[in-house]
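By written order: A, B, C, D, E and F. Residues from 1 in each chain.
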Amino acid sequence: MFVYAAGKSMANDAVYYSADGDLLIVPQEGDLDIRTEFGWLLVRQMEICVIPRGVKYQVHLVNGPARGYALELYQGHFNLPELGPIGSNGLANARDFQTPVACFSEDFGVTASEGPNTFVVTVKFNNSLFETKQAHTPFDVVAWQGNYYPYKYDLGRFNTIGTISFDHPDPSIFTVLSAPSPVPGTAVADFVIFPPRWLVGEDTFRPPWYHRNTMSEFMGLIRGGYDAKRGGAGGFVPGGASLHNVMSGHGPDAESNEGAREAELKPVKVGEGSCAFMFESCLMVGVTEWGLRTCQKVQEGYNEESWGGVRSHFKLPEDKKVISHLAQ
Amino acid sequence: MFVYAAGKSMANDAVYYSADGDLLIVPQEGDLDIRTEFGWLLVRQMEICVIPRGVKYQVHLVNGPARGYALELYQGHFNLPELGPIGSNGLANARDFQTPVACFSEDFGVTASEGPNTFVVTVKFNNSLFETKQAHTPFDVVAWQGNYYPYKYDLGRFNTIGTISFDHPDPSIFTVLSAPSPVPGTAVADFVIFPPRWLVGEDTFRPPWYHRNTMSEFMGLIRGGYDAKRGGAGGFVPGGASLHNVMSGHGPDAESNEGAREAELKPVKVGEGSCAFMFESCLMVGVTEWGLRTCQKVQEGYNEESWGGVRSHFKLPEDKKVISHLAQ
Amino acid sequence: MFVYAAGKSMANDAVYYSADGDLLIVPQEGDLDIRTEFGWLLVRQMEICVIPRGVKYQVHLVNGPARGYALELYQGHFNLPELGPIGSNGLANARDFQTPVACFSEDFGVTASEGPNTFVVTVKFNNSLFETKQAHTPFDVVAWQGNYYPYKYDLGRFNTIGTISFDHPDPSIFTVLSAPSPVPGTAVADFVIFPPRWLVGEDTFRPPWYHRNTMSEFMGLIRGGYDAKRGGAGGFVPGGASLHNVMSGHGPDAESNEGAREAELKPVKVGEGSCAFMFESCLMVGVTEWGLRTCQKVQEGYNEESWGGVRSHFKLPEDKKVISHLAQ
Amino acid sequence: MFVYAAGKSMANDAVYYSADGDLLIVPQEGDLDIRTEFGWLLVRQMEICVIPRGVKYQVHLVNGPARGYALELYQGHFNLPELGPIGSNGLANARDFQTPVACFSEDFGVTASEGPNTFVVTVKFNNSLFETKQAHTPFDVVAWQGNYYPYKYDLGRFNTIGTISFDHPDPSIFTVLSAPSPVPGTAVADFVIFPPRWLVGEDTFRPPWYHRNTMSEFMGLIRGGYDAKRGGAGGFVPGGASLHNVMSGHGPDAESNEGAREAELKPVKVGEGSCAFMFESCLMVGVTEWGLRTCQKVQEGYNEESWGGVRSHFKLPEDKKVISHLAQ
Amino acid sequence: MFVYAAGKSMANDAVYYSADGDLLIVPQEGDLDIRTEFGWLLVRQMEICVIPRGVKYQVHLVNGPARGYALELYQGHFNLPELGPIGSNGLANARDFQTPVACFSEDFGVTASEGPNTFVVTVKFNNSLFETKQAHTPFDVVAWQGNYYPYKYDLGRFNTIGTISFDHPDPSIFTVLSAPSPVPGTAVADFVIFPPRWLVGEDTFRPPWYHRNTMSEFMGLIRGGYDAKRGGAGGFVPGGASLHNVMSGHGPDAESNEGAREAELKPVKVGEGSCAFMFESCLMVGVTEWGLRTCQKVQEGYNEESWGGVRSHFKLPEDKKVISHLAQ
Amino acid sequence: MFVYAAGKSMANDAVYYSADGDLLIVPQEGDLDIRTEFGWLLVRQMEICVIPRGVKYQVHLVNGPARGYALELYQGHFNLPELGPIGSNGLANARDFQTPVACFSEDFGVTASEGPNTFVVTVKFNNSLFETKQAHTPFDVVAWQGNYYPYKYDLGRFNTIGTISFDHPDPSIFTVLSAPSPVPGTAVADFVIFPPRWLVGEDTFRPPWYHRNTMSEFMGLIRGGYDAKRGGAGGFVPGGASLHNVMSGHGPDAESNEGAREAELKPVKVGEGSCAFMFESCLMVGVTEWGLRTCQKVQEGYNEESWGGVRSHFKLPEDKKVISHLAQ
């Protein structure tokens, strides 16, 4: 899992690919125009794309500096989840994924004036970078067919499903893409979003409930706010991220909690103009030295600031006392 | 698939079982107190029960005449559907199914005064009825354990899931129980309900859409009305039923159609005080002579009365004409 | 399922095959020397054989009249059951199945003196018999390889597994061969034997328990007696058979029951010199007119004679009474 | 399985669909222009098409009378076979299947002059034909998306795979489409072709070998000849058909046999300008009274004429004799 | 795999959980009273328990110092093995597993006098220990439902199955719990016991045979002795352990071997008052420095002392000699 | 993956086994006579053998120094690939694999004169070598049965399948043995050969096409040449090897490319007297320091020498120009 930032486009004779895995890119600021061997993909905020392992590409910035999130998948590929009782349509529909059209370039790159005929290919192989040169552009594909290609998806086309009676389904119901592990029921990586949606649950505590997860949860925010986390100082803002590693308990902060307990349960549209997302993995997630310390962006008091004020609402009845197993 | 009606309880020395299959009972009027070898099950309107193949029982009426629907399953057993992205909870939850407690009776039936010590067991085997007698009650079970037993379920506990954005999922999203066939993705029988629920789909034609189905759809109404079918004379009333056999097209009637086209799409709670249901099967459904003719209950003009008035809303632009493949 | 009897060998120019299914043969009296296209199989009492669908053969009697049982399998083939926790060996082991060796014959049959060069092939196709003639023997196979062939198995090599602590496993633990249906966990046909074995279960009612089965049970006796059924007049004798169709309850007769309740539970070797077997099927079993009536061999009082005398051993305590759900 | 013949197009207000199954059509003479709800499919000789269950259509003749073969599939759907070691391409490739484009028609049919606004829909349901009328055309589809649609395939695009060393693979290697049964390894129906191809097998008897099949084989000829069957009087000609039902042995006729034994084994291109095909099924195939007798087209001496002259080439060595199991 | 020993209970404000995996605990001496978020589990000698990953608990000693074995499972969860032909009951039965009942505690722990309101939670995450503090007890659960919970099992309820004819099944037949790996047929960890049982195998070498295993075998002894290993000095005593890593050959020691060769093969009850067990894994097992050297408990002469005296009983016949492939 | 070389046989009292995995051996020069616990395997050039994990053996040279390739498989075992549409025979056939016959040796080794009775067993465990001694030979096996044994296979028996129409299947069509990973469709290791075969593809570029592979490809040459790589200085010669790691593009060299473009496409037999092979793995392949540098055998200019001269044959039409996405 990466947070990326870029201030300028790659050169026209610079090419990159990863031999390690597929890359899922979630732009948060700054659109990306990605030139791949299969053609161009323009990926804007609120869209995502996947570049498969081994596919060469070159990234161009469209409207200034770019920032976003990415996940590299070292095993398998992303699939649409099997929908089960949801039936033949729902969540992300196959017809909404878009692929590039072949775009042939001759040897000297996009503009003939670029001069010396040398392309530099940078390869990520086993988490190291290697470099090689070649005398012709890799973007000389005339046409292609097959089932291994880059694609993009507009998150606004996600058909959000949820409770229309009571209770609160698992966030798996917001899965866009899933890369299953060989152990049935677990995933190397899931990509999940929290899109605009109606909340109509009756007799229900509506925010995401408190839980510990056997999956690691890395959460980011593309734009707007997230309904169970305060923004502002030390809070959760676009471009920020939270990590709840395997079995770390979490849930709404104290303020969201008390608010939800008191709320009138009429239909409410939440999340408009906003989009949080989650990378989930059955693997434990290590954090780099940079992420933990160098960047100096970690909210040190996260635990206390989020849940320090959460109150218990259960009490032993006055006339009962606990008879302990333990010696008094 | 059966529609049943009963005016009195079975005798205390009468016992029945089917060697052909599991029986799913959907009471529509009149509660049933079912004495099984495993104990008693009180099944009320808005509850359903399943009596497995080979289990002996005796049905008692609780509050007068009873009427309802039933489906006998000749292959396999009912399961909860795999939930897929819905996650670990949702639709019918396993914890809400209830089983009987063993209830021991001695040889002479429930009250010792009943006299001659003879029990009559009626067996349905290969769709014929056979009768045998025995000198002791079959309801002499002292205790039981295992995983093959009768059970009941309160339909009010169904956790209804649906769209909370736009569009209209398949009715499979309302599946309570499913008996899969050996062909993956098809079912010998599904039991589906249309419970009270919120409709919040935006930019959406909200009633069940027009479709043909590779499954046969037998629909009944336990109480109230159904949002895509008129009640009243010739209409769809509690205790009634419709059958849309394999590949018979159907959908909302003309009036519901035009109403939905014009409706303001704000959150609406539908189906309160009502419960329609569906028996679906991948098999073609034959209809008995009694059902087709003898009963004189068939709505002969069903097709015309339902959809005769449906209007097309597409028009060729004035300045276009069709260039046909066919000779003019 | 068949009971067969034969008084003489097939002629040297007579050949038979079934286009309908594989035939499992269980000789009870009289050994069979079966000439197949793949070579000869000598099948003796306490051995079984399987002739696959479409394989031509000719049966010769070795030591006088022959009688036995057979089952024709209309779907799939017999496998050894997956052993699960039993591990890599146990029950019937693959290495004990024996196949014929190719045995070439020239055109004129086994002895050249037999004269007119005409072989009569009788075919069972869709449960009818057809006949064709050909000018050469079908037993002219010089060599063969492949995995579709007749085989035989000596039941004495069955490695019987059972409880060595308490309780009584399902008879599935005695499965020799199983032809699974496409519905996991059910079988079109199982072949099960009750071989000599040690009973050591402590605190256990040792005979086969009372039960109803979702499978039909056809039982035969190759030799000796069976520990839960009396022999003698009207009883269960070698060459005889019982049928407990789907969901027909059965179990030890009254005498065996009371005996087992009183027995001292020390190690006992049962079944020596005896072998009962069972054809089990998830299908209901129809009985021919001949079997039900013409043969005049049915034990009419089977139910009463077997279980009429079985006594209940449970009593309501003197100071308790049943409070019925039912109106008094 | 059907052999069809048609002398004129269906009327513009006549529509047909089958509620029983998908129809695979193999034109042999006369192209078909098929108007479906999804748009038009022009299906020519050497192309095939599949119309799914429940889809309405109307067939127009393009160039005079039409004749051909068809198979209606009562369970499941046709798939491309899993290719196994053949890899990611080969046999029929997914990219070569073609689907119709939506073609909107208004109420009065293709030409406005056709008058009374009444469409007659003929339905095949449970092997009976039913008829209904409706006031508007079913061909009023403006656009469609989904994965259930009619399609066609040009048999010339089949990438034929075979031995390039020695021996002769199973005809399954020529499978175009397969509709698997729930029993793994068997198919309700396979569609197999014998296209033009190179034979290069060394040390090999090159024609299809002699065999019996657990599948029924219905064979037809679209054009040209077939390399293991004579044409001419009583032979195998375009528009004709052969049926080798379950476990009926067959193979090259005597003449083809002797020819192949003597042939020099250099590379040979066979089947140019020709295309035989096979419908295979794990089910036994019944033949109609018309097919067996009324049509008077059956080659009565088929067996003798095909294989009467086949000679055995094995001999017992002069100095050996068979020692029989049988008494002399 | 751990050997644990404890001299006192955890403090009332100390809590532990592992984010790494489920923990299987096998007490050997000293009962454990385990307070979990789900309630209390009293686990005595001859019982085992499993605490799932992420569940918080606190261990109390009941009757003095405690010692035992444990296995932490880093992938998947323990299941009951699929029984295969053993049928619907046998080995460990689901009904014998016991779960805790919710036990609510208020903020200040079990006794209000404990003072400062601070709970210390120790977490094992990625094989390191982390510590955090919180102001309220984690044992404040009022009620729970679900399918992820701690449980215990009484080994005395294991229904032992084995040979009742001849031969010796694989130890897999004694599997209590199995955590399958994604490779079918292998397990990340199996828990297997050697409970009291009858040996009745005829014509059989009855001790566990000599073998090498593709699984690592870690063996412990809860009480009593083990029939293929001497106790006493340098032997196998309660609380001790042996490890036969992947592909290390082992089997009965010389004395047990010769004893078994000479033994009279009548029914014998073995293992009464004793219980050995095995942790098996498809993974190679590393041993800590402490285990190999620091503890000074390793039996250095294990190999020679166990099998040095085993004699071969095969001899080449006097009149035969080996003709070697190798040059003389 | 190993390249091995040996100048003399192992001593008669030296034994080796690997506890890490199965070893696939591909002799390139010098036949091996391998004495295993199961008996002797004589493995010659153009044969391969597999020694399973844990099986002890001793290697003897037959005709002087030996050299070859080997692959040790750390997960799973080699299987024949599922053939899919290829049917019931093809590629490597099960009947052509050969196993050893038990060969009993007494304590003192093959010749009694060898003296001190001490056998040295070297074990590879977790990639380290350990050594132990024992007083008797491990080759004292009298007889064996089971399904875990060493075997060999003659590559000349491979039934090569390929295109007999046009196009070029994936090299998976040449798979001899495959060790599947738990991720369907990928393999821990495949063993693939390029045997003599006929090329008859019409309208086809016949050499192996240019590609990148998600599998690592290690290629070796047993004898002769390979049709897409030059031999000679710096080229691909018997005993040599190439490695195209995950996602490294490769294909025919410039000369082979231009040759194939111009070739007349008549039937051609390629590869006679030659045999290249490939070890493929879904894992990235690390190279040892010895392999990369110490051996001084790496063709440093491989990339340029192979593909430097490959020319592009596509050109933009004179009258077209690229309109770039990029700013000019």
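Criterion: a residue touches a chain if its C-beta (ideal position, glycine included) is under 8 Å from a C-beta of that chain, and two chains touch if they have at least 3 such contacts.
Keep in mind that what you see is a predicted model, and the values were worked out from it rather than measured.
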Chain pair repeating C-D, as identified from B-C, D-F or C-E when over half of the contact pairs by residue number coincide: B-C
Equivalent interface positions on subunit B and subunit C, same or different at half: different
Chain of greatest Cα-centre distance to subunit A: C
Whole-Å gap between the CA centroids of subunit A and subunit F: 41
Distance from the mean Cα position of subunit F to that of subunit C, given in whole angstrom: 49
Junction residues of subunit F - those touching two or more other chains: 88, 182
Residues of subunit D touching subunit F in the complex: 81-91, 158-167, 169-173, 175, 195-200, 267
Residues of subunit E defined as touching subunit F within the complex: 181-183, 212, 214, 245-248, 284, 286, 303, 308, 312, 314-316, 322, 324-326, 328
Complex interface listing, subunit B residues touching subunit C: 12, 17, 19, 33, 35, 40, 42, 53-54, 60, 75-76, 103-107, 110-111, 125-126, 132, 135-136, 140, 142, 182
